[in-house]
Structure formats: structure tokens, C-alpha cells
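Before any comments, here is the structure.
Note that the chains take the letters A, B, C, D and E in the order they are written out, and that residue 1 is the start of every chain.
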Amino acid sequence: STGSGTSTTGASPGAAEPIKVGFITKFPVDFYDTMVDAVKTWNRGHPDVEVLFGQGKSGTDDEGETAQIESMLAKGVKAIAITPTSPNLQNVLQKAVDAGVKVVLVDNDIPGWAGKSSVVATDNLAGGKLAGAWLAERVKPGSTIAVLQGRLGNPSLDDRVTGMLSTLGDGVTVVSKPATDCDQTKGLNAAQDILAAHPGIAAIYGACGPPILGALQAVKSAGKKPGELVLVGFDASPGELKAIAAGEVAASVAQFPAKMGSIGIETAVAAARGQTVQAIIDTGTEMVTKENVAGFQ
Amino acid sequence: MTPALAVRGATKRFGAVLALDGVDLVVFPGEVLALLGDNGAGKSTLIKCISGVHRLDAGSIEMGGAAVTTGSPAAARALGIETVYQDLALFDNLDPAANFYAGREIAGPRWLPRGLRLLRRRDMSRVTGELLTRLQVGIADPHAAVGLMSGGQRQAIAVARAAAFASKVVILDEPTAALGLRESRRVLDLILRLREEGHAVIVVSHAMDHVIEIADRAAVLRRGRKVGEMRPTPDNRQAIVSLIVGGDS
Amino acid sequence: MTVEAGALRRLGSDPLRLALLAIRLGPVLILLLLVVIMSMLSPAFLTMLNLGNVLAQSAVIAVLAIGQLLVILTRGIDLSVGSTLALASVTGALVYSAAPSGPVVVLAMLATGMAVGAINGMGYVLGRLPHPFIITLATLSAARGLALWLSGGQPQQGMPEIVQMMGSGSAGWLPYSAFLVAAVALAVVLLTTRMVWGRWIYAVGGNPEGARRTAIPVDRVVISVYVLSGLAAGIAAIVTSGRLNAGSPTFGDLAELDSIAAVVIGGASFLGGRGGVGNALVGALMIGIIRNGMNLLDVDAFLQPIVIGVVIVMAVESDVVRGRLESRFRITQAARS
Amino acid sequence: MTVEAGALRRLGSDPLRLALLAIRLGPVLILLLLVVIMSMLSPAFLTMLNLGNVLAQSAVIAVLAIGQLLVILTRGIDLSVGSTLALASVTGALVYSAAPSGPVVVLAMLATGMAVGAINGMGYVLGRLPHPFIITLATLSAARGLALWLSGGQPQQGMPEIVQMMGSGSAGWLPYSAFLVAAVALAVVLLTTRMVWGRWIYAVGGNPEGARRTAIPVDRVVISVYVLSGLAAGIAAIVTSGRLNAGSPTFGDLAELDSIAAVVIGGASFLGGRGGVGNALVGALMIGIIRNGMNLLDVDAFLQPIVIGVVIVMAVESDVVRGRLESRFRITQAARS
Amino acid sequence: MTPALAVRGATKRFGAVLALDGVDLVVFPGEVLALLGDNGAGKSTLIKCISGVHRLDAGSIEMGGAAVTTGSPAAARALGIETVYQDLALFDNLDPAANFYAGREIAGPRWLPRGLRLLRRRDMSRVTGELLTRLQVGIADPHAAVGLMSGGQRQAIAVARAAAFASKVVILDEPTAALGLRESRRVLDLILRLREEGHAVIVVSHAMDHVIEIADRAAVLRRGRKVGEMRPTPDNRQAIVSLIVGGDS
């Protein structure tokens, strides 16, 4: 449906005019790189649109994204598609909206902010719930698990933990939930320490991909057999997919960054050209397991 | 007469080195006391203990007959002890005037707390310039940092500073070591003037001529102990030298 | 005194005076060069809108750098400024939700900054720690943790009018935060060049032991610079919180490195005793312009860090080369006169 | 010479010798204290499994800290170590995918580290930059950028057998990486205490101008410590890549702060000229144990940074107090003898 | 005889200060040349230019009749110039032996490159101890860092170092300024011995007695210019002093 929307615009009189839009992502990791690549691919088919790309320094770099937004306004973009680091950006985004620039939020929402034209996102909370429910079926009641959190203070990462805990049920106890900053090394260290203190845990859940890959190394070096301990990640990064295929990681919650990217930019362009766009576009989440992993690789 | 400063049983140890070993010392107002001794005898250590840089391990200090604690340089200064250290303690990044007035800047208005007062930089420059001219030290650029100045220029700044703010006791650790003939002469005159004004002066020096000329009394340290006191006169010269060098060499 | 007097008179001669001025202005010249290059590369750069952006984006680093400058002048280092900023912003947001009064929130943020600064200064001085690196590293960690704990890890939306104004208001294209930076800079210029306390800061940095011997209250001076740096972090928190209309435990990440870099790139000495507010401001603007330029020029995100690194070194290096050429020029010039 | 000789003889007396030994061992004592406290708090701490974990987790910081120590001994600072680690790991992974030979990969990683170090050292020395902060900040940025660009931002899975072994192999509970650290430490102990070059490192740190005047090749010495620090980052990259069986542009984030902290917490002087390999090792272990302890004790994630900050200060402070008590003890002791 | 060292038209400017202004100087093997002048006259600057610490703005330096460039201290040292600086240039963090041998450590084995050789620490300690004993400087703890030592002990270490490694030209900037009587005597003897061994020696000193005793010739600087040369004898003393101080004071 979105594809047809663009072609309609192409035929309208205003479309002869090339349009500038911005696409801002959080920071350089594969998740956002996939998204950016998808936008670039999309852009090749739409030469009438000039896409400016911007990126922050970290998953919580509000100031960096603010600067990006300001620079794009200075360069006269008509719409911005952005993966906002936090709700803190609404102030500067509102300024953009006030200046007549359309804003489309990608990857996560800024709840309660009315200025956005659309949200193209996975619901991280829902993704977490999916993982929690999945885990609840696989670990026995009364067992203990550990959670490798992402970066504290990052709302979407926090949602993944909150969502998971909400559907996990009372039968399972979380014995430890250190923060890992989504860093592979920190995930490995934390997992080693948890295994030393709580050798009996049944599962480790990670709010992002890299720490789970670190945890996998910890499990291996602790001499446990793959599968003896259920590892569940989030993001379904290439590394995780490989490990899932090999049966070392049990599952990961997949989002669809490429889809988010292309739909996000398309929606932004449409909004800038004055078309009405859907307020919420859910790109969905899915549990990737050994059974369906082939479809994701 | 009560001594301006009296040190009793001063003992100071640095690790394995016993730098001072029960040293007694008195100096009276209007008197110049020379503190003599070989290198490493403990002269500078004694001076630093009096000025509050080091703390004595044992012993006591009296000023004007009353026991005092010179626990810090600030305390010593507040008690009226002004010191030129052997290593000068200058601020290499500041100009002569700033060095001169360090810690007692001319500033106002008076109703503000010390630290917040505004510097009277011109006044400070003028006075510093005058005092240095009196010592006949030519300083080419009075606004250059003292870190760039010659050894003698630096020493002159340090000596002039102590002399200008002299109160009860003035201590000078080898004040002429780096000075030229003329500048040395001026510093000796300065010391004599301090004596006339009633200050108690302690001078460390290796220059026997200077000592004989200006000192009323000489105390000799050897390896941390006081080995004698004497009136320095041309006749006594050899005796003092023997005291310094010691019998065993 | 003829030679000296002559030399002094020559100092008054025009080319030499200009040369000396140029030395003082060194980093400023490089900053101007950067501006010229940027405006040639991007037409958007010299627009008022963008200049306003650059000022607003540099404001936080500038304020932090001015505080950091005072610390560095005493041979110290304050690694905690970024975390202090975060803690102050969270405190401000929490206070605001409890007592929605602008002045109270502002005071709470400034007080938080000063409190962390006081812990740094007193911990270092009274604990007789070998180097401020240790205590400020500890507060770098602890203040961030406290901010996370207080906020439950959640950004706290909402800031009072006055904070929002300081952060995102502007008079025409000139953001209010630029005026705030100017006010802070002016106050610290006054402190460092005119006031007794400022003189003592330089004295402590030039010779800490000497300062002690001249009865300068070294301990209090050292404590004060950390408190002032904390205060600067509090002010920076106001600007950040106002800009984003929120308080968040993630604000000010890596700001310690930025602020130190600004001071050093701007030309002050990392070893203490030398430098002034101008250095901090120039350094902060350089960093701000370089980052802004990367964005304007759509430099690939992966390449940005490389370009930033190279530009920083080139900026400082060109100042080094300029200084050398100039001193050669001065010798020739003086020999001729 | 009776007084001096006497004093020297007294130095031989037992309590005094013990006291002097204790001073040298100061930070080690604090480390032991930490171990005792931890093992009382957590039964898991003193298990072989966990001790092996602590060693493996501290190995990277330890190696980086040993390199950083050499830099700090010359009054320098190397901010780039973490980024260099990342770049070396990515280079290793890319080389491995092109030429799957263990030795070639190892050499590529070490050479990458040394190359960044050489850029730091030569940039600083030949560029006559005022402080190494600037160039190493630039490479902190640029090396990370290069790693991102080379890897396309993607972690690269797969490392040769030998790298994996260095990172995650072990002899019983003793990880091979601990042996690697020991080997690096031994080599640097040899350098710093026995070799001419090491003596020159201390001389440059004690008095750079004096070193120049005594014809010590100051420039080459300074360059060498950055190259060695880069080499250490390359070795650390091997350990990290081996532990995770991957090369990634995100490895080594903030490792610069950790490595400097280890050196300073371990008791070496941030101002150059004083300290040894022991300090770096002790500091790295302290950091490793504190972090490990947080996890073992399941300290709340929000509170962890606070606890870490407090423990760091307490550890250093207790060493300060110990030093003071001891010097008082020595005075009493000596006065009695 | 060709001079061991000849300086021609040495000129050096620091910003607005003209520290050296066309100074000519020669010194022959087996000669002690005293370099005299008021504080700030330019003595140390001249010495630093010869030793490669500063670069001359104009002028040239010859050794053994051939023009040389002493562009760095290392180059000067390689040419056979050994210097004791007024600020001593010691390593405060190292012990006396390490200071003594800084830059030319005794180390082996010989087939290794310099930097990689292993230090012969015991040899270095022994030799250092012997030399310092000869100067009669008592150093309590020979393994303490020199930063903790007394002013005279520090100076003795610096002087002994230069004397031990003397090759063609030995330059001493106020070598006895901080030394006691006995230690000064030893240093003067040392200088005389250096002369006997055929070294060319340049000594800066403010102590006229010392100059008259040991120097074969005295060159006087005033405000960066050489204002005269003279044979220092007791009879000439007044004339030299006048030269130093200058007519205008």
C-alpha cells in the first residue's frame, strides 16, 4: 500500500519539485545500519527525493540527535524520520513541526507527544512480552533465571525487560539483572559472574543481542552443553541468528529494521507532500527459533 | 631580654636519616644569627621546621617566651616568621609582582572577603619595581614570568619579598648564593637594616666573609647536632671553620 | 638600564606588538580559519539559523570547559562533570514534579552540582588522595548511578519555563544559552584576572608547595575550583534540560572528555598554571563547529570520527606551526629594528 | 660518617625493614583486604571457577594498564587504547576471513596496535604538540571510526584457534590469558627495572628538559612508550577477540579510563616518573574484583556505579591512611632504637 | 695553539630581551676561563647556547678550529662539551647513581643495542659513591631520590657528574654556589685537576676569591655584551669588579 502511495505522489504536480528529507538513527550498530541500508536501497528507486542521513554517538545520545535535527532544519528538510533516543527529543522535534517540517518516529515512539505524523515501530514492550511468554513455557516453575539489561536509562531497552518480566509469571525468579550497556564483553563478564554465583540458573535473557553472544561464550567456558541453559536475545542480529541455527542460542526476538527503514522514509515523504498517513504502523516482532531461523538469515 | 625565637630539642628524622638531633637555638630581637654547617648538616631542615614546612618529631618552639606551634607555613607567617627558602618557592608562571605579593596581594575594597577583592595590579607592580631597583637587580621585562629569569634575578625577588614583609623573625637560607657582587652587597645591607629595625634575623650562609661582617653570633650544626656557638670575628674564623668541618676529617 | 629600556620601547613598535597580539590570539586565529573553511564548504554554515545552532550546541561544552579550566589551572582534573550534569538534571526534574517553581528547580540543580563538586574537592583535599583523578572517577561513577537510581532509569519529562527558556529560547537567532555562556565567561574572567582568589588559583597551579609556603589557603583554593566546576555542571544541566525539556540520567555522557579537550585544544596547559577563559571558549567552539560541520556536510557516520580526529590535530598543529613562524618573524623583525 | 652509617645499620633492623616493605607493598595489602572482604561477603568468590573468571576479566585491563603505565611514567597519557583495541580486533577478524592463518592474524593485530601507537608518538613528538592528550584524543576518535568503517559497523564473528585459546583457554582454572599477562608484566618489569631504555623512561618522566640536556634520546623514548602502549592494546585485542571469538568495532569502549584508573589506583603517580608494573597489576585486579563482586552479590544495577565509586575511593583512602600510620610508627620505632 | 672552543658574535634574543649581543669568547686546552658578570648579564644564556640548550640567533661556534653546530645538548656532548647547569638538571625521582650515569649508563652486554642493555647497577653505585666521597659530601642514604637531598648535596652530584665525564670542554655554571667550605675547596681542586689534564674549563662564578685562585683569564659580560677580559690576580681584583659593575652605577 505504501508503494502505491509514493507513485501517486509522483504523478501529482508538486512532485516534480525534488524534496529533501532527513533520516536520523541512533548510533552505528548493525541494527541501524540495516535500517540505513534499506533506506539507501529505497532511495535508488526514488531519485526525486534527497535523503540526508544523520547519526548520534550512542543509544542515549539525546544531544547528538538534537544537533542532527538542528542541522537538518538549517539545510531545509521538509520531513524527518528519526529513531528517537528518548522522549527528551520532543522539544526540539516540536520546533521542527512548528517550522512546518513533518516528523515520523521510527523504531520507537515518544508517548504522549502529539506533534508526530506517524510512528513506524515495533512495540518493544510487546516484544518483551513475547519473549517472557516464550520463556515461561520453557523453564520449569521454581527455577531461576538471569537478565542482562541493556543500557540503563534507555527506554526501549528498559521496555524489553519490563515486558519480559510482565509475562514471565510468578513461578520463575530473576536472581540477577546487571546492566551490560549492550556490550559483548560486559555481557560475557556478567554472565561468568552470574554462573559462578548461581550455577543453577535455567535461562539468561538479554535485552539486546551482543550481551547474549557474550553470555554464550561464558556458558561454553563454564563447560555447559549448548541447550543446557536457555539463552534468549533480542534483535536477532546476524551473530545471534548464526548461534540459533547452531542450536547454541535458543531464540531471539526479531524486529524488522529494513522494513522500518523503508516504510519510515516513505511515510515521511508522503507526509511532507501533504498526504495523510497512518498514525501507527507496527512493523511487528517475531520469535526467531531454530525452526524458523532460516527465513531470517 | 626574652628571645624573639627559641627552639628547644629540635629533632627531625626522614626515614633512616636523622636530619636534626636535639638542636637548641635562640635568637634575640635586633640580632643576626648565622646558622652554619656543612652540606647536609641540617640547616635547611631546621629552618623548614621553624617555618612550618616540616613538623618536628620532637622538640618545641617558643616565640617571645611563649610556646607556639608552627604547624603550617600559614601559622608561622601569622606568628611573624618570614622566610626565604633555599629553593626559593617562586611561582614560575607568574610575574615578579605577583610573586612578590603572593598570599598578601594589595586588593580592595576592604569590606569584601579577602579572596573576592580586586587586585590593585598597578600598585603592586610599582612597589615591586622600586624594591628590586633598590637591590640593583636589572629585570628586563617586569611582566615576564619569573620562570624565565636568571638565577640571580629569581633569588633577588625572593629575598626582596621576605625583607619587605619582615615582621618579628626573618629567616634567609643562603640568600646570596646566586647573587652577583653588587647584589650581594645590597642584600647584606638589607640584613643590617633589618637588624637595626629590631627584627631577629637568621641567616644560613657558606660565605665566611659575609658571616663575619654581619652576624652577631654563629651557631654551627654538624650532622644534625649543634656543635657550638661563637661570635664570628676575623680572629675566630679558623675556629669556626674547624667547628663546621669537625675534628674527624 | 638602557638596554632593557630600549627593549621595552621596541616592544611598543607596531609590528612587534601585532606579533605579540597574534601569539595571544593564536587559537582564535585557528578558530577563524575553521569558520572560513566551513563556510566555503557549506552554504548552510553561515546562515543565522545555523550559527544559532552552533552556539546552542557549544553552550554546554563551553560552560563545562570553563569550570574544567579552573580545575586544570590548579593541576587537577574533574572527570565527574558529565555525571554531575545528569544528576543535576534529574534532581531538577524531580524537584519540579514535587514543587513546580522555576527558581526552586534552578537552585536545586545548581546546588546539586556544587554538592558533587564539594565532595570531589573535600574528598581529594581532606582525604589527602594522591591525585584528583581518583575521587572524580569515583563520582563519575557514583553520580551517574545516583541519577539512575533517583529516576528509576527513566527520563523525566518537563522543566519549568525559565529552564526551558535558558535552554531553547533565543533573541532572534542568538540563543539565550549563548548569553548565559557569556555571563559565566565574564564572571570567570573577572575571577581569574582581577580577583585575589583567581591569582591564588594560578599560584597553586604554578607551585603548590610554594603556595603553601606563602600562606595561600591552598586547600580552600583547591576545594573551591571543584565546587565551581560542579556549579558549572549545574549550569550546564540547566541548558541541557532546557534544551530537551527533561531531566535524564543519560545526559552528559562523555562530557568530561569533551570539556577537557576543549580546554587543551583551546591552548591552556594541561599541566596547570597557564591558560584562561578564552582558551576554554575557543576550544568549545572548535569542537562545536567541527561536529556541526560534519552534520552539515553529510559526512558518512562511520567516517565522522575519523574526520573529527584529523581536524582536531590539524587545528592544534596549525597553531603550533603559526607560533613557530611567528617567533622566527619576531627575531628577524627585532634584529632589523 | 657515623650518623649516616648508623642510620643505615638501623635500616637493617627487623621492624623497620618490615615497615619499609609494607610501604612498598601498600596497594597490595589493600588488594588483599579487598579479597578478604569479598570472600566473606560471597561464598562464590573464592571458588577456583570464580578466581579464574576474575583473572580472565582483569586480563584486558591489566595488559592495557601496563602499556598505559609506561606512557604515564613519561608524564604522558594515552586516551586511544580502547579504540586501538577495537581497530586491532576488527583488523584481525578481516585478516582472518581473508587469510585464515593464526600467526598472520596475531601479527596483524599486534602491528595494528603498534601502528596506532606510532601515530600517537610521532604525531606528538614530531608535531611538537603541547600535550599528548590532543593526538591520543584524535586517535581515540579516528581509530574507532576506522574500525566502524572497516567492519561496516558489524561485529565480525570468528577468530583463529590460537587467538581463541589465548582468550578463553585455560590450564585448569587458570586462564591462559593470566599467563599472557604474567609474560607481559615480566617483560615490562625487565624493561623498567633492568634495562637502559627503562631507566631513560623514568628520567624523561622525572625531568624531560634534564633528560634532553643529558643527551638521552628523549624523542625516541617518548615515541617508544606510545608504540608499546599500542602493542599492549594489540595484545589486549587478542585476549578480547579470543574471549568473544569475534572482532568488533565496539570492543574496548571506555577502556582508556579503566587503564588509567588502574595505574593511578594501583599507586603510580599520574604526574610521571614514579611507579611500576606492580601498581598497574594491582590496580587492574582491584577494578576486576570490585566489578566481579558487584555481580556475585547481585547488587542492583542502578546502585552498582555508586558502590563502585565508593569502593574505589575507600581502597585508595585506606592506603593513604596506612601510609600515614606507618610513617608515624617508623618515627616512634626509630626513636626507640 | 688552536683554541678548544671559540665563540664568535654570539647573539641571542628572548622576546624583547637581548640576552647576548655579539659576544666573542675563546678558551684553550689546559686553561680555566672565568665568565663573570652581574645577575642577568647573560652568562647562563651563553653557556646554554654553547651546550646546545638554546640555539644562537646569530654567531658561530668553533671547536679545535673547525666550525661546529651544537644544535642539541646531545650534539654538544658528542663534540666533547660537558656542562653543569645553574639549575642542575637533576632527576629528582632517581637516586644519585642513576643521576650520575643518566644518558651513559654502564650496561651490557655490548652486542645489544644501547637501550636494551642491562644496567650494571652495582658498578654504577660504587663509582658514584667513590666520587662523591672524594668531594667529601656525606650522603646519608645513597639510594634515596635526589629530590629529597640538600641543596649542596644536589650540586655536588651535578658537579661530580660533569667532572667524571669531562672530555674536551668542561663548563661549570656557579658550581660552588650551594657548597660548604670543604666541599667548595674540593671542587676548586677538581677544576685545577681538570686543567692539568688538559681540559678547557669555563667557570661562571660570583666568588672573586675563587676566580682569582683558579682562573687563568676572566671574561666579563655586562647586559649581554662582553666588556672586557683580564688576568685575574689579587692586584686586578678592583679593576675586574669595576668591569662587572660598570661605570654607570
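Here, contacts are C-beta pairs under 8 Å (C-beta built on N, C-alpha and C of every residue); 3 or more make two chains touch, one makes a residue touch a chain.
Since we're looking at a predicted model, the values are computed, not measured.
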item	value
Lowest number of touching-chain links that must be crossed from chain A to chain B	2
Reference chain B; chain at largest CA-centroid distance	A
Far-end chain from chain C, centres as C-alpha averages	E
Inter-chain centre distance, chain D versus chain E - centres from mean C-alpha coordinates, in Å	41
Between chain E and chain B, distance of the C-alpha-averaged centres to the nearest whole Å	28
Separation of mean Cα positions, chain E and chain C [Å, integer]	45
Whole-Å separation of chain centres (CA-atom averages), chain A against chain C	35
Interface hub residues of chain E, defined as touching at least two other chains	15-17, 138-141, 223
Of all residues in chain C, the ones touching two or more other chains	3-4, 7-8, 11, 148, 153, 300-302, 304
Multi-chain contact residues (two or more partners), chain A	28, 152
Residue ranges of chain E touching chain D (in the complex, touch as defined)	51, 53, 72-74, 77-78, 83, 85, 89-94, 98, 102-105, 107, 114-119, 138-141
Touching residues (chain side chain E, partner chain B) in the complex	14-17, 37-41, 44, 86-87, 136-141, 144, 148-153, 155-156, 174, 177-184, 206-208, 223, 241, 244-245, 249
Chain C residues touching chain D - in the complex, by the definition given at the top	79, 123, 127-131, 133-135, 137-146, 148-149, 152-153, 257, 260-261, 264-265, 267, 269-271, 300-310, 312-313, 316-317, 320, 324
Residues of chain C that touch chain A when the two form their complex	44, 47, 49-50, 53, 56-57, 60, 148, 151, 153-155, 157, 164, 168, 240, 243-246, 248-251, 253-254, 291-292, 295-296, 298, 300-302, 304
Complex interface listing, chain D residues touching chain E	1, 3-4, 7-8, 11, 194-197, 199-200, 202-203, 205-207, 209-217, 273-274
